[in-house]
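Two complexes follow with chain A in common, the first pairing it with chain B and the second with chain C.
So, the complex of A and B:
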């Protein structure tokens, strides 16, 4: 088996092999994806325009969309419409981010308190249960419409929409976290007479962390979608309002471009905020590298064989066990 | 020398029709450098006794006391599963249960890790260790608070036969060296005979049925005829008791 393994892992040399191994790599596959998307986009446009020629006026090409995005990124003027009527992309997303941050923080604090109480007390759980389910079932659009009617244009409607769309996810996750705290670890700590403060810090909080993270992720992404809808109806600026602005101006390429900004915004947040925090907090989780996986697959059968040999050699007439129950 | 004293201990779970008696009027005195095994079938209250002694559970009635020269003494506890905090490193797991976290206790924890042959694993997380290694950490943790009394609740029952055997030997050496009082719950009679001076037998319903002294020299080889005879005696007693119980 060792010989086979060596042959398999022997490095191949030469330019041709390097080319093929690049073609087979996941990195290449990932690079191929946007190319495939653009080709599909252009192909689909051609098909649609050949059926309905008037669509040529509406459908933007990838280049037009990129142009609209580039103009936004480098210049507050787009298509000759003055920046005075609206903020550029940085200010727009900045404003939305402030609303999102405010609503999200409130949802996290309130949701954590309610979730903890629901996890700890059956009567509190019974009291809030139906309310949480009702809020969970309410579409973000309904909140956005109702709250912009109630509060008019401004910050209040969008922030409240973020809170109301995000909070049920926080509550449900924290409640489950409290219900799933590892009792055996608390018992262990108590038997060693560990002070309560240390138990809270080193047992309770870390055991809630995975649930806390799920809460943050859900509240943030659901809250973000809620915010965009709320800004369409109840905003005078912000990302949602701006995409509506381009819709009203019949600029399809700018609408699509702005949609791409939403995606970029989410990816950037994920990569520069959530990923590093998660890596740090869950450092303890075992991560098997590919090499370890291969070692495990090859070594474990051999190890089992070694152990069986040792067991045979040291076999005793009475062996282990003789358990008195099943 | 530590003294464990259990008087008229009674423990029930549930109420009304669901009531289960876990321990019934148990009296037990253990003291000095002894290794006492508690054996009995599943659900006979063995673990409940350790949980009450260590303060995890409270008795329905009766009294338990662990004293060291007149003062209350803290036990070390080795559980069936290692019960390590997965988010703390091995060394931090030992530090977590220390009264004070000084450089001195750190050095002590490191010393006990070396004693269970894991001196180089202090910075690893429990998830990176095998089941046997995790249980070794659990044993090192119990010894590291330098308790006078050590409780062990079927600590080797989850491990494969070879690992369990080598850990039993290590445990015996550590017990000899540190001169602790050990209460060891098991349902493996062979294990009990191999390790203990005394075997306390529990029957279903939480009754303490018998208290057997095993007077054989250590180390005990399971292949030794005297050990096999002692084991057969305990097993015979079990058969008799089972007949009595049913």
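So, the complex of A and C:
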């Protein structure tokens, strides 16, 4: 309310006021952030170099970093000749994305099957529960190192890492989805003798959709984080391998530049791919309290998990038969 | 326990209640059996795979790993490595928690929220690997590297939880405070922070679960002590059993801290607040 009042009263009086209201807008603050980061970067560099003068050779300036990024971006268009050992950023990210896609698809299929079974049957749930939790809590680094030891360099290690890091999120979300299907609707459909196919199409699938989406989102982004680590240790090319390549070559500016590609990639994925889909998926169902919670915590599927465990804990002592949440 | 109670009064209770109790008991036993079967199944696959599907040097089975854990304990490397890693997590995550909470609280102001929006987004979405590598290449194996990496990866989790709490802030109380001319600091001290306490705690738990993973990751690249270093060493010497032993030891320890210690602490801390304890 206060904000609305301020907005109504503050502007529309001369250029000066318009300028100030622009300066005060959150959008301007958001644009200011990158500027502040660069200023901080330069300031911190000065401080560090004044303490340890030899650091001048290590610390990259923003311009050097931009140069490294520009080389990666423009490389193929300048002379068409590539250094034999490495590909440009499009090729490396492309290769990584293919691996990610393969692992992700397998994780989705297996995870959906296991998740459905766990949601539908308590016995299956008891069978898998502890192991899903354990795999979920295992750091991607452990998989990456172990699988690169076991399978050597190549595709197997990274793809298996994607599967193993992604699959628990699929399982947990699908299981929650099944548990949250509105049972009244099933009962009603059955009492009106709606055929099973139409029940599946019009009741089960729509109620599963938001959870399915959450599964896709988490599995994809967690799988990506796992994949780049796996490529560092067990890959021969790809995005993760390349940033390690620059690291081993002691090119700090290239490492930072490549890190910016990772950041840009993550932001594009979030803002341009997942957010619009999310808006679509959730349009018809504006209030799913549980899931909204999950959604806000991007990269914190643990919340979904915690809710699942809380639900388990509340279901266990009194052991009620079918848990139906409103 | 349940069986003795039922033996004492066999047909006294109403049959419906007895049936229900019987059903519940059967369910509980059923659950235990399947849980046990799950352990047998997965451990069995693991044991079977070692030496048959892949060589034993590549996938040492659970018995072998358990033996190795014993050996490593015997060597006496464990307390040192644990101490180094836990100290890093503690220092790094304390700083990160404070920064995250402060950013979350000052984000009540919309301008500042806009300012930090992208910082939070980047911290949540970018892979921890890039921070590990950047800090490793810039700071070498100085202690500040892992700490900065922990801060950059985990502060946003605290911030997100705090701003979640800010959104659920009791507006009427804040408005009343404003109406009675209570200053900004006192308003924050007496209304905002007590309200935020459970959200801060959730942030603490989530943040910790990421923090220990990032710490181990940074140790792989840039340190000469700690769990991550031991993992790297085992990998380079191609000793899979030692590698798995280190991973599992620290994994169980971190899970214990995360699920048992922090949760018990949380329950105790919020016992006075029914609605939080229940949620």
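To be clear about the criterion, the second predicted complex is superposed on the first by the 259 of 326 C-alpha atoms of A that agree within 3 Å, B and C clash if a C-alpha of one lies under 4 Å from a C-alpha of the other, contacts with A are read in each partner's own complex, and residues count from 1 in each chain.
The working rule: a contact is a pair of C-beta atoms (placed from the backbone, for glycine too) under 8 Å apart; a residue touches a chain by one contact, two chains touch by 3 or more.
This one's a predicted model, so the numbers in the text were calculated from it and none came from an experiment.
Within the superposed three-chain model, A:280 lies out of touch with both chain B and chain C [touch as defined at top].
Of the two partner chains placed around the shared chain by superposition, chain C is the only one that A:146 touches, whereas chain B remains out of contact.
By the document's definition of touching, of the two partners only chain C reaches A:270; chain B does not. The wider contact with chain A, measured as residues touched, comes from C rather than the other of chain B and chain C. In the superposition on chain A, contact is made by A:193 with chain B only, not with chain C.
Of the two partner chains placed around the shared chain by superposition, chain C is the only one that A:224 touches, whereas chain B remains out of contact. On chain A, the surface patch touched by chain B in one complex and by chain C in the other comprises residues 319. Residues 39-42, 51, 54-56, 74-77, 79, 81, 83, 85-88, 96-97, 125, 127-128, 145, 151, 160-162, 164-165, 187-190, 222-223, 228, 231, 235, 238 of chain B are the ones touching chain A in the complex. If you check the complex, the residues on chain A that touch chain C are 3, 24-30, 32-34, 36, 58-59, 122-124, 126-131, 137-142, 145-146, 148-150, 221, 224-225, 228-229, 232-233, 240, 243-244, 247, 250, 252, 255-256, 258-259, 262-263, 266-267, 269-270, 296-300, 302-303, 319.
Residues of chain A touching chain B in their complex: 184-185, 187-194, 198, 202-203, 206, 209, 283-286, 307, 310-311, 314, 316-325. Across the complex, chain A is touched by residues 24, 27-28, 30-32, 34-35, 37-39, 41-42, 54, 58-59, 110-119, 121-122, 124-131, 133-134, 136-138, 157, 160-161, 164, 206, 209, 212-213, 216-217, 220-221, 228, 231-232, 235, 238, 240, 243-244, 247, 251, 254-255, 258 of chain C.
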